[in-house]
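Below, chain A partners chain B and then partners chain C, in two separate complexes.
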Partner chain A sequence: MTRTALRYLRLSLFLGGVGLHRLAAYRLDFVLGAGAFLVRVGIQTAVVGLVFRQVPAVGGWSYHEVLFLLGFSLLPRGLDHLFTDQLWELGRKLVQRGEFYRYLIRPVNPLFSLLSERFFHPDGLGELIVGAVLVFWAGSELGLDPTAAQWALAPLLVLCGALIHTAVKLFFASLSFWTVTSLPSMYAATQVSEFAAYPLDIYHSSLRALLTWVLPFAFTSYVPCVYLLTGDTGLLVWLPVVTAGAVLTALAVWRRGINRFDMTGS
Partner chain B sequence: MTGSPPVIVAENLTKEFRVAERGPGLLGALATLFTREHRIVRAVDGVSFEIPAGSRTAYIGANGAGKSTTIKMLTGIMTPTSGRCLVAGIEPYRERQRNARSIGVVFGQRSQLWWDLSVPDSFRILRRIYDIPEPVYRRNLRLYRELLDIDALGTTPVRQLSLGQRMRAEIAASLLHDPAVVFWDEPTIGLDMVLKEAVRVLVNRANQELGTTVVLTSHDIGDIAAICDSALVVDRGRVVHQGTIQDLLRTADRRSVTFDHRDPLPLPAACEEIERGLPGVRASEDDGGRIRVDYPVAAFTSRQVLAFLLDRFDLADCYAPEPDLEDVLRRVYERDATESASPDQPAAPVESGAA
Partner chain C sequence: MSAVTRARRYLPFATGGLQSLLQYRSMFFVTGVTAAAGAAVTVFLWRAVYAGSPGAGPGGFTAAGITTYLLVAQVLQVLHANRVDDEVAAEVYRGDVAVMLVRPVSYPLVRFAACLPVVAANALLVGVPVLLLFSFLVPMTAPTAGNAALFALSTLLSVLIAFCVNLLTGMTGFLTTNTWGVRMLKQSVVAFFAGQLVPIALMPGPLAAVAMALPFRGMVDGPLTLLLGRYEGVAGALGVLAQQAGWAVALAALSAVLWRAATGRLEVLGG
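Our next item is the complex of A and B:
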């Protein structure tokens, strides 16, 4: 067990190194990606600023609270992004072109084999840094003084959020085993996840229910932020259950998918 | 080769695909969105065979016999609809990771390398993934340097390599971890004579030093002849020939002799004379003013044909080429078709298709 874990850790570090090495070869790509991302976060922050010029609070959330939420939402997203970007390729073309086979002929877990092709995706790093800066700045503006429990739980909240992002992405990417390509549904799910960057209170109850119980992105940002900002644990207790449920569902679909993989063509 | 225990066993291996039934044109395409009509295509139909350890076997079948599909089940990529197979004692699609350690794979159409990395980088990753011991890794790299000129590929990313260059890398990658069995599905090596020779040497060494088993599918008779010592011919699920390639060629029902002669006789007259002297034989003009004589093995021995030619002509040169493998296969399939066309056999409700 520990030997297997150590083996995968060693492999991850090595393949992560390869990923960083590759980065050097595609520097322009990196700069463009990072630039586009900064523009996006900049616009989001500006929109929030504009809105709060007109009103003092939105859905009971102050300006800095919304920025805190916006920043926090980037952390699990960035962590997920850092390791699972290759899932987009699965949804886009790996099944369609029959290329997925190469993960089934290696003596490592196929999911690891797939993800490791793009470990340490730099966009994720950018999200983590920008997210952390926003969270700490907004937190200090709010005069936030987290309890020991909140400090201790914060990294776990980010980790669970990342797992939820990964699970949703894996679920929709795995649909490609049935539908050949599942990029549109993956893209739609990502669009929905953007809603989680703002307070749920401003949305219609149906959208709120969708974000909480169907595509549980609320648990990646809104629920943890409510806890960190107010100490309210109402929905927080569901976080482990939702995370486990999402991950297990996605893995089950993935497993069924690879067993029905038909490598088309000769 | 009968002495070696089988390293690959297939028992009633069957694979069916569901194909959406689609009408012609745009309307037909739209209709598939709303109907659930499917046609079952049976790509592999109850195939059983054994491949002895240490053999270099060409897996031969008619187009649409499901050769590639069979290889995909033997490598664990696809799960059979029914039946099963064992490779080195493992059911590949049930234990993919364990199976992966004992096999190497090349699919000529699709690369298994990291498309944006160089070949040396890819090999370094493979070394880690397969836990290849340092001495083995070094030994194999040295071999590839020597035989495949791997160094010449340098730091070029795989996606920028030519087909021949990429094939060198794929072949090397499939052997890097000293697998017990390698599966090569339509590797394109025939275009490159140097590569073909190198692969032949490589396979011979792996075969002799490590007992590596090679399974090859190819449309290129040259590839088959260069790499394989035995042939497994499958037709409609049944093994119709298993043995050396020489044995297979010996089943040819027609052979030919081509010759040059120094007689002043014009070619048409010479051909006529041969056909008159040896009834059932066909004589025709070949390239460069030579005469080609095709004779049925059942009616004449090569000795009789040659004796006749030596007697009538002043031979300058003479060739008796190997029978054409395509010809041989056509005959094998035809013979099998007439034998199996018994009335108690139900008309197959499924179509077999290429996969």
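Our next item is the complex of A and C:
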């Protein structure tokens, strides 16, 4: 058991290193990607700033609270991005082009084999850094003084959020085993995750229900932030249940999918 | 050769564009979900701002007015998502563009012809349903017939500007392989400076001045100024249209020059 775990850890580090080498080959590309991402977050922050030029509070949230939420929403997203970006390739073309078989013939778990192809995706690192800066800056502006329990839970909240992001991505990517390509539905799901960057209170009730119980992105940012900002644990108790439910559902679909995968002949 | 014969050459590319579009019908669903989600974020965010002001709030918008603005802005964005940037970048990256260069047609015009059905289909199959969906959820304002006509004209010009912006974005494929980054950059910058996320009237002075001077203003804020009647007299309306037309011509000229320069230094590996 420990030996297996150690082997996977060693493989992850090695394959992650290989991925980082690729960066050195396309330096301008990396700078462009990182720059584009920074501009995107900068514009999101600017929009929030412009909204709060008009009013002191939106949906009961102050300027710095919304920025805290915006920053926090980047952390699980970044953590997920760091390890699972290869799922996009699965949804896009691996089944369509019949290339998926190569992950089935390696002597490691197929999911690990797939994900390890793009470990340590640098864009994820950017999200983590920018998110952390926003969270700490907004937190200090708010004079936030977290309790020991909140400090201890915070990393777990980020981890659970990342698992929810991964589960949703894995679920929609696995649909490609039936539909050949599932890129469109993956895009749509990602778009829905953008709602998580703003307080749930401003949305229509139907949208709130969707984000809490169907595509549970509320648990990646809104629910943890409400807890960290106010100590309210109303929805927080559901977080482990929702995370486990999402991950198990996604894994079940993934497993059924790889069992029915057929090579395309050539 | 007459202009009609010349234009007819591009007809197959337009019908071809339509056919390949109909192969991927699920794309419309996705574009619809994406547009509805994008609109919902901005609409609900700004409606929360206007919730406290019953009459005309910041920037002279009413709650229904700002809702209309942001929703139609999102629909315009769908019209502008003509996939020209993806396709040009991909064809340059793969080298397929070389095949186009040996044909007796202009590649930018081919792309323009091929994107027209995409724009029309997006308007009909995505724009209209999204507007309908939201009209059930939130109150909106109805424009006068005159303003609607001005808006229609202005929208046509905005489609031209968007084509040029996307063509120029796609042409960065000559310089970098990470056109994904460039496209993301373009999307963010355009959405912001076009006034899609925040109406330019609500930006602070210097920022608003920059946004008004950029070509992106003609993509969203310009048409919506006309739709909502936020202009002063005939001269005001003509001013908006003239600015759009000016940018459309300037960007088309810029695209033509850069295209010529880029194909001059293009190298494609044979195979």
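Note that the second predicted complex is superposed on the first by the 266 of 266 C-alpha atoms of A that agree within 3 Å, B and C clash if a C-alpha of one lies under 4 Å from a C-alpha of the other, contacts with A are read in each partner's own complex, and residues count from 1 in each chain.
Following the convention adopted for this analysis, contacts are C-beta pairs under 8 Å (C-beta built on N, C-alpha and C of every residue); 3 or more make two chains touch, one makes a residue touch a chain.
Here the structure is a predicted model, which means the values were calculated and not measured.
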Joint occupancy of chain A by chain B and chain C, clash or fit: fit
Computed vertex angle (chain A) for partners chain B and chain C, CA, steps of 10°: 90
Contacts of A:105 with chain B and chain C, given as first, second, both or neither: first
First, second, both or neither for A:14, with chain B first and chain C second: first
Which superposed partner A:198 touches (first chain B, second chain C, both, neither): second
Which of chain B and chain C A:133 touches, first, second, both or neither: neither
First, second, both or neither for A:188, with chain B first and chain C second: second
Chain B versus chain C as contact partner of A:22, first or second or both or neither: first
After fitting on chain A: smallest Cα gap, chain B-chain C, Å: 9
Intersection of chain A interface sets (partners chain B, chain C): 26
Chain A residues within the chain B interface of the complex: 7, 10-11, 14-15, 18, 21-22, 25-26, 97-99, 101-102, 104-110, 113, 117, 259-266
Chain A contact footprint on chain B (complex, rising order): 17, 68, 72, 75-79, 93, 96-98, 100-101, 103, 105, 107, 109-110, 112, 114, 116-117, 121, 125, 128-131, 185-186, 354-355
Chain A-facing residues of chain C, complex: 24, 26-27, 29-30, 33-34, 37-38, 40-41, 44-49, 52, 57-58, 137, 176-178, 180-182, 184-185, 188-189, 191-192, 197-198, 202-204
Interface residues, chain A side, partner chain C - complex: 26, 28-30, 32-33, 35-37, 39-40, 43, 46-47, 50-51, 53-55, 58-59, 184-185, 187-188, 191-192, 194-195, 197-198, 202-204, 207
